[in-house]
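Across the two complexes that follow, subunit A remains constant while its partner is subunit B and subsequently subunit C.
Let's look at the complex of A and B:
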């Protein structure tokens, strides 16, 4: 009981402890804000990647693709764990706007919009056909024309606020798309001027996935058209990937294991087919592994920021150490009295550790409260700064960011508070240990009083 | 003399002062590393822009003919050392079985490019050759040839992020196929006048060198062809055209004045050679390579400023640390202070002793921080490699951060304000304890109880 009383007394009566509390509060405030924003950006990025690829991707890196996929898709459709399956063609092509003297390299993704929306979040990225996904490739101005869906940054411009200039309906624009058809051996199909296939498609919708690399480089085509354009629609049809969504109650690992098991069975069944060698290049990956190149980069940034603020947190440890050192220097008489009435060295350490805990809790609480209030208003503050000083934390015309993430993650918060308390305990360790070693006979001598 | 004596004594006897020196050193080194890293990145980015496009870029709103006349006129200006015309396009490159890449094509005059940019130094095979670089193959002057970026043919190693230069050079001599296209006016009698059509073009060429600039965006996306070959491929029935003029200024030339002179030459050229086209005259862009990147570099500077502000605010808690330590010294050294005052030292001098000591702590801490910051910055690539070996975590990847190596030049321009701020913070931190010391009454302190 006396430990609690003394610790509370030191916290309230010794003004020097306010410095320690404020230092902890300042560090916690900054770390909460920065880590919440970073965690929000990373979390949003991961979610967008998840929405883009579905739960699992069965596919090949090679542009040649793999054949006999129809049987495997039937197995997946029949599985109790699977909710949606979508076959996809992926290749590279040249996009040219009709009448314009500019061409751009794009990535082609051939899919069935309805099937793909069941396997991924594709349907939610559409604008004009969001409510009628099956008609996504049908231009509203002429149902007879072959439609295409553009990544939003290929179709629209962004203003300084990051807002797109949406049209009420898609404009009649034709795009000429050329790409290489490849044989099953990976060689060019055709020769001379027939080395590439070209077809004109008409803008029917745009897709806003929120991923910069997707929105500014992918054009979506009807599955059959893309398969023909890429030379994969011959006698033995080929595709590049199958996106799979598992049922909500199916754990990701279990779902991918099932997909892998079915793939092994399928591969064994097709072992004697002519193009079975193409199945060797196929892998089964969950969405995290599939997007690891980019997700890992974001997570590393988060880690580097965390380490940097860890160094800054060392300053907090120093402040707590100094404050406690000062406190203990002034309270040597109290400690001497406590020791003389039988309080052990360990109890002294416990007393000051408890005090450090209170400093950490008080500082963390202040810091968390300040951080929470700041995060609640962070987007309004940025809008105000932009209106008055044309300042934005991230230029929305350059970065694919909407509002600054401000939702505090309880996990991140708990970690920051625990680390702040740990920093205080570490800072108090040496002074507490020195206090425990004080001899009552020395501290209570007349000339010390 | 007394001050110096006391400062040295407190430094030697009061070991806790080293804590404040350490805190100052850590803060200064962190700020220096951040400032040097960011400014190094900006400098490298600006340098690569100059190395790739020259000092000034003249970009008309559309392609134009008779560019050799323009080049001659520009080179007659005293401020221009050399000028080069380029033609750009986009295409899809077939490298081998299943290996198809989207690429950006740049048609260049290699002899001129070597004078305007640092292109020769980025050629793997020809960079050390005393002769002028050449596209040609020995013994086969009529064969179509070109250069490709290293990451087009070989991605860097996933774990080490290093290129296998030997494997990349094995691609030299290999034949590849480029599909590109251009928009041409329809010439059929039945076509309405002015109607255009996208015409697909293919070109087979042999790779005769590999380009490695160290800038991932160029190494990953670009291929280089002789401008005449590209012109014949894209516009076989038209006179040669160019899209962009890259200019190298003479040593010591003022960029602003050079831009004005170049604009004058352009206006005259349009009047003489292009029928005085007002659209070409009014909408031409003439800017330095650095100005072209100003938006992106502005964003990087903003991020640097924000990070320095955040770290700076937290580092300001060094003021609190110094304040606490000095307060402790003052309260434990009251008798010394009283004795000094009783010998005739004024309150202002006593105050100055401690403020000056605070400044000393700042100077020593900053000095250590600067040394530490320099060591970390200059060895950052070795440190990153060591972390990668020990933890398996590759922190810096060229595909994410654009450059193969982390910029490691210390920025002394930022070192000065950081050091001055650190010294000022330490002096400010010592202020309150110095005032307390100055207000010490010798009579009260030296009274025998």
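Let's look at the complex of A and C:
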């Protein structure tokens, strides 16, 4: 009982312990805020990638694509594990705004909007046609014109607050799109003036996926139009990818294994076909593997952050260690007195470990409370900083994020608190152990001199 | 004197300290016997080893050679746990500089030894009895009105009386006092000696260390330490 009383009094009455509590609180505060924001950004980024890709992508990185896909799609559609399948054309082209000289490179994605929305989160990224996805490529101002959907950053301007200048309905804008069709062998299919296929499409909607790489470079075209434009609609039609969504209760791994199994059967069936060699370039990847180039970079950043904050934890250990050394050197008389009334060395370790536990609990509680309050207001603080000092943590004209993520994960929070307490206990361990080894006669004698 | 009357016996105690490159021999084959109910004063010049001897007798320190027996049991043969129990139950220490814990109130300082020997549950079982005993001691020593004060709010004499109350809390068989009046003025010091005399008359065995002959004369027996040995 005396350990509890003394540890509590040391915590409340010694000014130096306030510094230890403050140090722990600051470290916890920083870690809570940064880890929450970072985990939120990574989580959001992964979710957006998942929404963009669907659960699984069967595709080739080659621009030539692969043939006979209709038979494989039939197999997927017939599978009990599959909920949605979408065939996709992916290529590159040149985009010119009608009536202007400016031409820029663009990534083309040909798809059927209704089928693609069943396989991915595409439908939710639309603005004007969100409630009528099948009509996404039909411009509202003239249903007879061929429509196209632009990545939002190709279509709209964004102000520094991250707000887009939305129109109530799409403006009539024509885009001339040129593609360079390839043969099944990968050579340019045309020559001279027929080198490129060019067609004009009209702005019917925009897509906001939340992925900067997608929103500022992709133009979506109707599947058949894109296939023709890319020279993939000949006698043997080709596509570049098939996006697949599995039923909700199907584990990702099991779904991908089924897609692979069906692909093996399909490939064996087509082994004697003319362009069967193109099937060798096709891989079956889950959405994480498909987007690994970007996701891995984000996860690495998160890992580096974790390591950096590991160092913050080590600093906490040292701060606590120094404070405890100072405190114990002040308290050597108390230790001598306690030993003189029969308290054991182990009890002394327990006393100071209990004290460290209290410092850890008090510091991490304050840090968590402060971090939580800060995160609740992080977006309004950022807005205030921008309004008054034009300082913005993430420039919304460059980064495809809306608000800064601020949803605290209880699991992360518990882990941070436990680590903070562990850091305090580790920091207090050596001084406590040394305190327990103090010879009472020496401490009492020294204090008498 | 029968063996049954002897409460404490020290035989051929040697103790030395290393001070830099030299070794200082403090106690050299010291023998000492204290009977139950005695009030013994140990006097000697500064550095003669009085406090060292007191610490060895109270198991706060160990001799290099020799043995200390308390009620016939050798302290050197006891385990760490038994020695902790010995310090908690059998002896009470009074120090020159009181050594009260500033974070605790007067009452808490006094019942600290009772609390130290019990677990949380054990303490809740005997808390009221311990507090009553602590209060009785403080009232006996004239500190009934100071129980809620902190040590730094008391005078030197009051603090030393609190230290005596703490030493007596577990009803020890032996009270060890290291210069109990060394930090007090003469009148206050006399008051403390009166308390010790009164305790001795009630049967308490006391060993007191002092460098002052005048104070030592208040004890029943005076032992002089010189050259690491008992002179008389």
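Simple rule for what comes next: the second predicted complex is superposed on the first by the 397 of 449 C-alpha atoms of A that agree within 3 Å, B and C clash if a C-alpha of one lies under 4 Å from a C-alpha of the other, contacts with A are read in each partner's own complex, and residues count from 1 in each chain.
Here is the rule we use: a residue touches a chain if its C-beta (ideal position, glycine included) is under 8 Å from a C-beta of that chain, and two chains touch if they have at least 3 such contacts.
Predicted model only: the values in this text are computed from it and were never measured.
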Does subunit B (first) or subunit C (second) touch A:91, or do both, or does neither?
-> first
Based on the superposed arrangement, let me know which partner A:337 touches: subunit B (first), subunit C (second), both, or neither?
-> second
Subunit A contact check, subunit B vs subunit C, more residues touched by chain B
Which of the two partners, first being subunit B and second being subunit C, lies in contact with A:6: first, second, both, or neither?
-> second
Classify the contacts of A:418 with the two partner chains as first (subunit B alone), second (subunit C alone), both, or neither.
-> neither
Once bound in the complex, which stretches of subunit C touch subunit A?
-> 51-52, 55, 58, 60-61, 80-81, 84-89, 93, 95-97, 99-104, 108, 112-113, 115-120, 123-124, 166, 178-179
For the complex, which residues does subunit B have touching subunit A?
-> 16, 19-20, 22-23, 26-27, 30, 34, 62-63, 89-92, 94, 96-104, 177, 179-183, 196, 198, 200, 202, 295-296, 298-299, 302, 306, 310-311, 313-315, 317-318, 320-321, 323-325, 327-328, 331-332, 393, 395, 397, 399-400
Show which residues of subunit A lie in contact with subunit B when the two form their complex.
-> 16, 19, 22-23, 26-27, 30, 34, 62-64, 91-94, 96, 98-107, 176, 178-180, 182, 185-188, 192-193, 195-196, 198, 293, 297, 300, 303-304, 308-309, 311-312, 314-316, 318-319, 321-323, 325-326, 329-330, 393-395, 398-399
Over in the complex, which subunit A residues touch subunit C? Could you list them?
-> 1-2, 4-6, 9-10, 13, 333-334, 336-345, 347, 439-441, 444-445, 447-448
